[in-house]
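Two complexes come next, and they have one chain in common, chain A, joined by chain B in the first and chain C in the second.
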Partner chain A sequence: MADTSHGTGGLTFDNSKRSWPNELNILLALVIIIIVFEIIGQTAPYMRGQSFLFDTKDRFDSIFNEARLQIIILQVAIIGIIALGVTQVIITAGIDLSSGPLVAATAMVAMSFGQTELVNGQPNPKALFGPWAMDLPVMIPVVVGLAFGACIGAINGTFIAYLRIPPFIATLGMFLICRGIALWWSGGNPISFPTEQFAFIGSGMMPVVWFIVLAIIFQIIMSYTVYGKHTYAIGSNEEAARMSGINVKRHKVMVYMIASMLAAFAGIVLSSKASTAQAGMGEFYELFAIAMAVIGGISLQGGRGSIIGTVLGAMVLGVIRSGFTYIKLDGSYQLMAMGCIIIAAVVLDQYRQRNRA
Partner chain B sequence: MKNTLIGASLVALTATGAMAQEIGATFSRFDDNWLTVLRTGMVEYAGTIDGLSYQQVDASDDLAKQIDQVKDFVANGVDAIIVNIVDTSAGAAVSAAAGNVPLVYVNREPDNVNELPPTQAFVASNEIESGTLSAFEICKNLRAEGKGNGARGYLMNGQLSNQAAVQRSKDVYDVIGMDMCNFMEIIDEQPANWSRDEAQDLMTNWMSSGEPFDFVLANNDEMAIGAIQAMKAAGMDMADVQVGGVDASQDALVVMAAGDYDVTVFQDSVGQGTGSIDAALKLIAGEDVDSKVYIPFVLVTPDNMNDFLEKN
Partner chain C sequence: MSDIVLKTEDLTKHYGGVHALQGANFELKRGEHVAIMGDNGAGKSTFVRQITGVEQRTRGKVWLYGEEVDFAGPLDAREAGIETVFQTLALADHLDVPDNLFLGREKTKWDWLGPFRVLDYKAMRQDTMDALQRTGVKIPNIRNTIERMSGGQRQCVAIARTASFSSKLTIMDEPTAALGVQETAQVENIVRTLKEAGQPLILVSHNMRQVFDLVDRIIVFRRGRICANLDIKNDDYTGEDVVSYITGAKTGEEYMETAT
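The block that comes next holds the complex of A and B.
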């Protein structure tokens, strides 16, 4: 961590980084993975010469299989929103394990204020509260959900920054607490049938819109604002950041709050997309969000990584998931292969870092 | 709902009456939709029985934890234990953990069901029926639509580690193996882990290949609903596709009422829940109990769905 190549965010000048940004490597890996899937599709006899990304059946106006392009990003958009926050946390050399269960808990809390009174002319069979909570304006479930996330994040951050609990432990505890809240909220029952407005938040390609808009916003924040520079500074060298006058504790609480609010928003989008909230939702989301950031070239030691990298990491996971279904690979092999790819990403990245130093 | 659960656990904590009977129950998962209907029904039913204190705990799909919970119940001196077993192949271990305390297996059939001691019993539906009923009805519908010369479709599995998922998928293949239904062909099968949002993504992935298909069979309602949502989002006419699942949940019946969902199967949670508590009470009283009680599954289609609206 003492070597200067870890410093970014304008604190140190990192020549190697300027010449060949890490993000280009991930983009290259992405292209290679796509080519591998194309080759399998063209050569494996059972695939009947289908293409992975191109439109071989003349179904679309463009040369691409647009349906596949859409699902590749749609299926990682919601976890991607979580990963935007996790990226910031990991850049401060922290970790957030509570995001998956927070997605479930927020989905339950928000959806219970986003239900509609009549379903096909019948009373909502899954109504959690009385008529007062039915057909509320969409802002209410959204604000309640985000506020809930902010509270959880503030608690995480306070324990980590002020009481010096290791982030792994603090958020592991919050992981269990949030899963408990999700189960307790409705006693394990699903909460279904949202209002039209609430259902719109996650309908169609809306999750992708949210993901891209939020990614752009946070890329700008992390690159050009004091918040971003302080976040990198704390991760590079916390002591130095404190000495140079950054209020490290307050800043960390803010980072964890933002991360939890992003996870909470992911929960809102997810419950809207599925038009139901269930306590078992979001299983392993925290791990896939971390995996996206890791594939995107983040360092768990902090100080290094970027939002663009995480977005590309999300794309890699999306391409892999679609590709495996495309070549009809069995579910159990999919998990094994995905695990190998995550480890390979880190091995390659470390090798590259060593060679650079 | 919350209040009844809190109430139930308070009752369990404070029940000290000399005549009171105590039943402890452990469930494989608290966040499973159907099991939640079962659990809720059991709390309600237990509340109607005088002097019965009933407590339930979550094994969160962990067999070792469940065995410890059974031992905990024994150590706490409960009069009977109800187990919704995590791993159906571990019946011997769970049965041994209960010792001489009466034990009733509910919903999932342990592998030692034929060797249960007289203090133990089993109440559930016969899992083989569910997947078979659903797939066979889809087969008949496809024939009626004139697709008896060849129909292709997809199969969505629950968690691959789950006995019911494995059985229900096997049932589908058994049905397809029959002469009457061998015109059905599975293009691909993948797990969507019982979950609606995973099923949405899986279905969209499948559709992105552009292959035409005639049916989707899912191991449960949630995945079937996810598939339907994805197909509707892609602009498909649900009249062209037969969709079959299992559970007859409230959500599923609403989708069926809208004309999008064709076949599901009702698993009688009330029958299983009250049946298991009754069996436990009889075992406590030292009465004879059938070691195997099967509560039948019922096929649900748009024709008879109104009979099930209030049930699950």
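The block that comes next holds the complex of A and C.
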């Protein structure tokens, strides 16, 4: 702190510590991780000099290994959509554990209105409802799914904001309730064979398109709108937000509703991509979504972080998962290593904050 | 408009069995600066919390400029023109100066977007600069977040917030309790600026020198009751007098019956 001089008014201070956004650190970490995998690929004898992300074949039409890149992004896109909502919840200093089971429950609910009547000329063998629910326009399953998510989010938010149940407990309860709803909805049977329109939502690279579009929208909302500003303010100092006249309770309900609607949308995309909805879908999604946010620099104490950070956190997680497979690391080791990385991310973040203060 | 800025009658607050504030009758005239003094737990902050709508009073009446008011929350009080610097700073640490100045009353564009209406950062930055200039607060970079500022700078931001909205009544609850000498001097300068501008102020403070420097009148609280009303501008009171009122050695004549 060079010029913390207490001169006239005593109010000059060090400006040099400004800038260098946290997002750049994560980007840097991403690059380093990629380089490490490249080095392992080039040097480890069993890898025979394969490249991780670059195209080493004798062609000139591309520099990157596009197939692998696509897989990486596609892998994280659906959980990434959940993470966009979880990020907002964590910024208010809350947590949402119910998103994974909500994905499954929404997949079941939405798919049951998105089925097609005839499969190869035969009646749909997995039909849940009668003919009235078959071949409906795609808007119906989407709207029903999102409305279902909004209801779950409103319940979460109401318990947390108005009844002052700790977010961890409220959403843990909702975690079990949603898994129960997913099982109860069709008595445990999978719901399959969507209409062509419904199948399009999650086809090919569509999940990635949704993820990117939603990320851009929410980055703008969080940075440039009253909603975003109040979300940060509540996480930063809830008492101050209340005294400033922000309706903290109503705002929290809105944040949890938006988070649950994003998780519900992830469920719609996932069921569409898989062409089926099953009660066991989305296992551990809530935890991976939280991990993405945490790796992306969202502080669990609230008030700090950005959507861009979470997107980068999602990419880090995707690259690590894909990289471990690429260097042929056994699945059990992958889980252990990933757990270590998540803890390391939080430790680093806290160390960084303490240094700054 | 009435010449009395703020008037309370029988203002009382009980927390369960604890009688934190008992029958406070208080008046503040136009342009007047009044200090509220008293020992810890004497009811100073409780009194402030009742008139700013942060808490709901047990009984009693409050008038602002002759109009009886009943605030449901701090926002109501603020909209009525009462600006408050709280003892615990009501600032969001991760936001910058304009964000904090305008927290809860942001300037916006495209209001039809409801909660997603767009913030008018440019106008808010401009207004912030104007407000800081008016109050004489020096903050080198208003884009810095509060967490990167010293205690004095934080306090100045909090005070600039109250002073920048041309309020009808400013209340400061121990604004210099945690500050150094230089920072205290700057806060006191802001108070003088308000006095020159004719803005009424209620100052809660423990600092005897500061109170004698800044205000016209001292109200002393003791055990939840007002026990003295000292016109220090016109009558000859010393710090020792005030201390004896605070500790209970003396009681103002008009409060003999009620104060204990």
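One rule holds for everything that comes next: the second predicted complex is superposed on the first by the 336 of 357 C-alpha atoms of A that agree within 3 Å, B and C clash if a C-alpha of one lies under 4 Å from a C-alpha of the other, contacts with A are read in each partner's own complex, and residues count from 1 in each chain.
Rule of thumb we're sticking to: contacts are C-beta pairs under 8 Å (C-beta built on N, C-alpha and C of every residue); 3 or more make two chains touch, one makes a residue touch a chain.
None of these values were measured; they are calculated from a predicted model.
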Exercise for the section: Quick one: classify A:Lys229 as touching chain B (first), chain C (second), both or neither. Expected result: second
Practice task
Classify the contacts of A:Ala279 with the two partner chains as first (chain B alone), second (chain C alone), both, or neither.
Solution key: first
Exercise for the section: Would you check which partner chain A:Ile246 touches, where first means chain B only, second means chain C only, and both and neither mean what they say? Expected result: second
Exercise for the section: Please work out whether A:Gln350 is in contact with chain B alone, chain C alone, both, or neither, and reply first, second, both or neither. Expected result: neither
Exercise for the section: Determine, under the contact definition given at the top, whether A:Gln42 touches first (chain B), second (chain C), both, or neither. Expected result: neither
Exercise for the section: Compare chain B and chain C by how many residues of chain A each one touches, and report the one with more. Expected result: B
Handout entry: First, second, both or neither for A:Gly187, with chain B first and chain C second
Key = first
Practice task
Considering only the touch criterion stated at the top, classify A:Asn237 as touching first (chain B), second (chain C), both, or neither.
Solution key: second
Problem - Contact residues common to both interfaces of chain A (with chain B and with chain C) - result: none
Handout entry: Residues of chain A defined as touching chain C within the complex
Key = 4, 6, 8-13, 15, 17-18, 221, 224-227, 229, 232-233, 235-237, 239-246, 254, 303-304, 356-357
Fill in the blank from the handout: Seen from chain A, its contact residues with chain B in the complex are 50, 57, 59, 65, 67-68, 70-71, 74-75, 78, 119-120, 122, 125-126, 128, 182-190, 192-193, 203-204, 270, 273-276, 278-281, 283, 321-322, 325-326, 328, 331-332
Exercise for the section: Flag every residue of chain B that touches chain A in the complex, lowest number first. Expected result: 1-2, 4-5, 29-33, 35-37, 39-40, 58, 157, 160, 188, 190-191, 193-197, 200-202, 204-210, 222, 226, 229, 233-234, 249-251, 253-254, 257-258, 309
Handout entry: chain A contact footprint on chain C (complex, rising order)
Key = 54, 73-75, 78-79, 84, 86, 88-95, 99, 103-106, 108, 113, 115-119, 121, 137-141, 143-144, 147-150, 152-153, 156, 180, 182-183, 185-186
